[in-house]
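Notes for the one structure printed next.
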């Protein structure tokens, strides 16, 4: 079967580099275009030179960076890692021109006709795309994946909510600097420091999971009524977000069942055996000093795609519990998650 | 007036070095003995050589390290920074021999006749000392100060509890490596990492504040009935613990009043103008990216003795709120707090 | 005596904040203007808000940031912490307008009529200023201080060169991120990393000390003929540059004499007892694991103004030796050094 | 062909974990024993639990840790990652009992009848083993690999020395904390710090490369007469040593030829296509900000086995040059290098 031709917008940035790396050797997607706002015309290898974060596949280094406009290249669909401001303008322009856009950027995530996908959690939300195309009279579309912190959170909450009916969740995060992109966080701000503030982050973490966990209700998604409180902290780690949760449930919750429910969770990507789907999306580590950012961020049969949960403990009563998890913010929280969403869309005949 | 002669047990450790530094030039205490378990007989300067953490006063470098046993030196009272196991045996030995011991170690903190002091919060608990002396037939006594994480927490909760009546508190901490002493946390464990576990810490943070905020009830302290959940994380900072709180109150709480109550809080040490008492024990910073560990750990008119709170926000309903604070773990959380407790005891005629 | 009125250009940056802090309470200089390129009109406290690096004096927070142009404020002289491009244009504009400018920026350092001052090393070079004023027909002038890495190096080499006649010096540096200003080094570039390259740095470190150690020869400075090789590395420290030196001398060198010569070195600022002059500009620590960045960067009777040398060892023959030193890059290497130069100029009647 | 059975001594330590990981799936070696000084009898997974540094192969987690004494297990040869004191006693005991020991520990490295192997550099030195066995009347033997810093250095110097005849080398290192093992460097010592001292390290770095680059002279190795100066610094990186070299040569040296010589270097392991041999042992990166520890420590077709050199620059005259390289200290500098040595010995019929 022919491979599907894909482009990456903002391919030279932090998340763009992850896309390029994860797409190397992909069985069904072929990277045909790397687009950049400021480096069009340069070789990709040159363009990322001063902001390279990890080793890159050789073949992509020789590609010429494309312009970021419809028509600059041909592709069956595009991944967008555009920064917020650019995304709000550029993505609709591509979609209107017939490109299918799968984006990790924030501007369209909460639009009523844009599915906000965590492939294991809400694959059924992709029906929104047809309504979007009809309503907007677009040949292309925009599908979105959530904020890096919300992605892991929604994944972990899904099986818990299904089993115990969450009432309230208090989450505290310790986030890696790669979440801010490049150049991102100045080293003077984070060496020997922690900062209890990330611009717009808490608002995203408190709303996106509710849409993801929401139910399809005719033409739209009815958000979940879980009450969610987030406090987000930046700390001096390179990759991998840690999140500690205090949760209250409507059903009685016990730790043994909580562990079982997390471990046994499988979603549509696992059933479809999608290429980027980890065999087990949520691993549970019972050692009392796990998960740890450095040791667990690359967990899973697809490295960085599994979330590792630990410190499962009862809360202050029989209807509450606590846990901590680690999720790789630029893989499970960005490029990996979005590639998995594209694989899901492909398997459903929406792209290619 | 003659100065009171004081000794420091475990003077060469991380917290011991803080005592020695803070006692230099103290107006009413004179450091006459630095005791060490393994370095007795050496010069203090030599003994701390390989584990020095910050510049030390010159005069103390020339002192000879004493044995850690009653009779090895004369002093009106001793500060103990002993590690847990040693403290449980050695401190009672000193107290029985007539020494007045003020300790930052954990073994005796929860004893019913030992006051667990945060001088601004529960100065009235010192009456336990007379009962302790009577009951144990000791000429000396043991007074304790809390765990480094609990110290700042109890201080911040005090004015909130008085005003709004706390029902439930969920605290998440990001703790500095100096909290583990020296050598403490291996660098391989913490560079580019976060660890959601500190041995025995959560248990202490969930119980000590309740005793501190408890009411005297005849011969004992009746612990507060606030329900407290703590999740403790170690991160790669040198000094200064950050704690983020989600709190529920019995009275309606609003952010403007919360800020006012924190800012205007003063305790007995402020009224008595004790040497180590900061003018304002709780500072409130309204900038949205504060407090920060590096910028705020040394806050206060006595550096490191004021706690800086920020990110005051409503919670999920009218009876809940959120905030984050930074407290210096080896000053407000250890040596400074304990020296302040000693100043309080002196002003009440209990020592000297 | 009336205080001399001083302004600071680029007062909101990393080095600008150091100036502002060090000038608080200065006995002869009064800070009357804080100028900023992008924040003119704001309160200083607001302008530094998002890039504050350490606690700042309260009184300066209320000052209104001035424009960066002659006439915007009156001052007896100005300190410039301008970035390179701006400095090359703006500093001459101020000097031409009659302002006396003392700059830490690089563009004019190597001009033949600009003294490049390390006050302990080449105070006699200030005679260049008169020639500069005559030659350029300026009422003001530009005096410069060296690159942060070169400043400490020239200071350490001075007494060695006087005693042993240096032939060749190979220096390897490990430099803190504050040397790159703010935002400066992205955290993604330096966490768990070392980078053997700092733009233009080696060229500066290989030439500036030769001018500083040069001899006045009529109307100009004849650079020293020491042959200097520098390799500069950026590492993940906040403040304090470490430099390791391999040196070859014309005279026989032995370690005991080397230590004596370094320790006993005093310069004009010490003789004049200038306010910012440390009593002993070069401290020697004989412990085998010193100097260390964290423990020694704030050394000296004026914190951060003394350089700490250690690891004095013979080289591969009788005419070579090795040592390592630590110097605070934004104090001894920038603001402190420049303030000391201003004090020297004042004592010589060149300003005020 | 049957696999050769191998054991690892000190298998639970930092370097031991590297052995275990690199031996998983090895085509000719089968890991049959993991020995530990303090954890004999435990499952390997349990024994490394609290000191795990990276993900480990599952199958080895179930192995039972063996005693560290001859006879405790059967193996065709053993890798030793023992700490110095233990190695000096235990390794001869194993060799005397007939085990062939390949060690990364220091005690026997400089023994006249022990080859100190960098497989690309001095494969001919293995003839010492027969003399060792004859002389000591041992059925087994001890072969050694060098100190982690010396290993990369000797490899880089080899082709340069062959081409230009080195006279003198001044090396400055910036070493990762994993070089000190676990627990190793306390985090309080290295966060925001650099330390210009590593116990016994400079002595090793100044002597081991001379033996490695030495010529066989009848029954022994005549050390090279290069004059070598080393200054070693510990910095806050996890893995990967950076070394900057200033070198003087007997032949005229130019940078273009230097680059060519490094790039084209191949050794016996490359000719023999040994499993752990990288295709090109020395990579040269011409970008001016490379090599970097984080980006280059895992370089090579066998990750971590290639050294990356960069910043090739002329020195102060035509007979000198400068460069910086990065080598993975626990792979190229320890486990990987030693496994490669074992593969060399096997190909020469010395083991198996």
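Think of it as A, B, C and D in the order they're written, each chain with its own count starting at 1.
Note that contacts are C-beta pairs under 8 Å (C-beta built on N, C-alpha and C of every residue); 3 or more make two chains touch, one makes a residue touch a chain.
Source: prediction; values computed, not measured.
Counted by C-beta pairs in contact, the busier of A-B and B-C is A-B. Fitting chain A to chain D on Cα positions gives a rotation angle of 180°, stated in steps of 5. For this pair, chain B with chain C, the centres built from the Cα atoms lie 40 Å apart.
In chain C, the positions touching at least two other chains are 53, 191-192, 236-238, 289, 295. Across the complex, chain C is touched by residues 49-50, 52-55, 191-192, 287, 289, 295, 298-299 of chain B. Residue ranges on chain A touching chain C, taken from their complex, read 14, 53, 177-178, 182-192, 236-238.
Across the interface of their complex, chain A is touched by residues 168, 170, 172, 174, 191-197, 227, 229, 231, 233, 235-238, 242, 244, 246, 288-295, 310-311, 315-316, 322, 324 of chain B.
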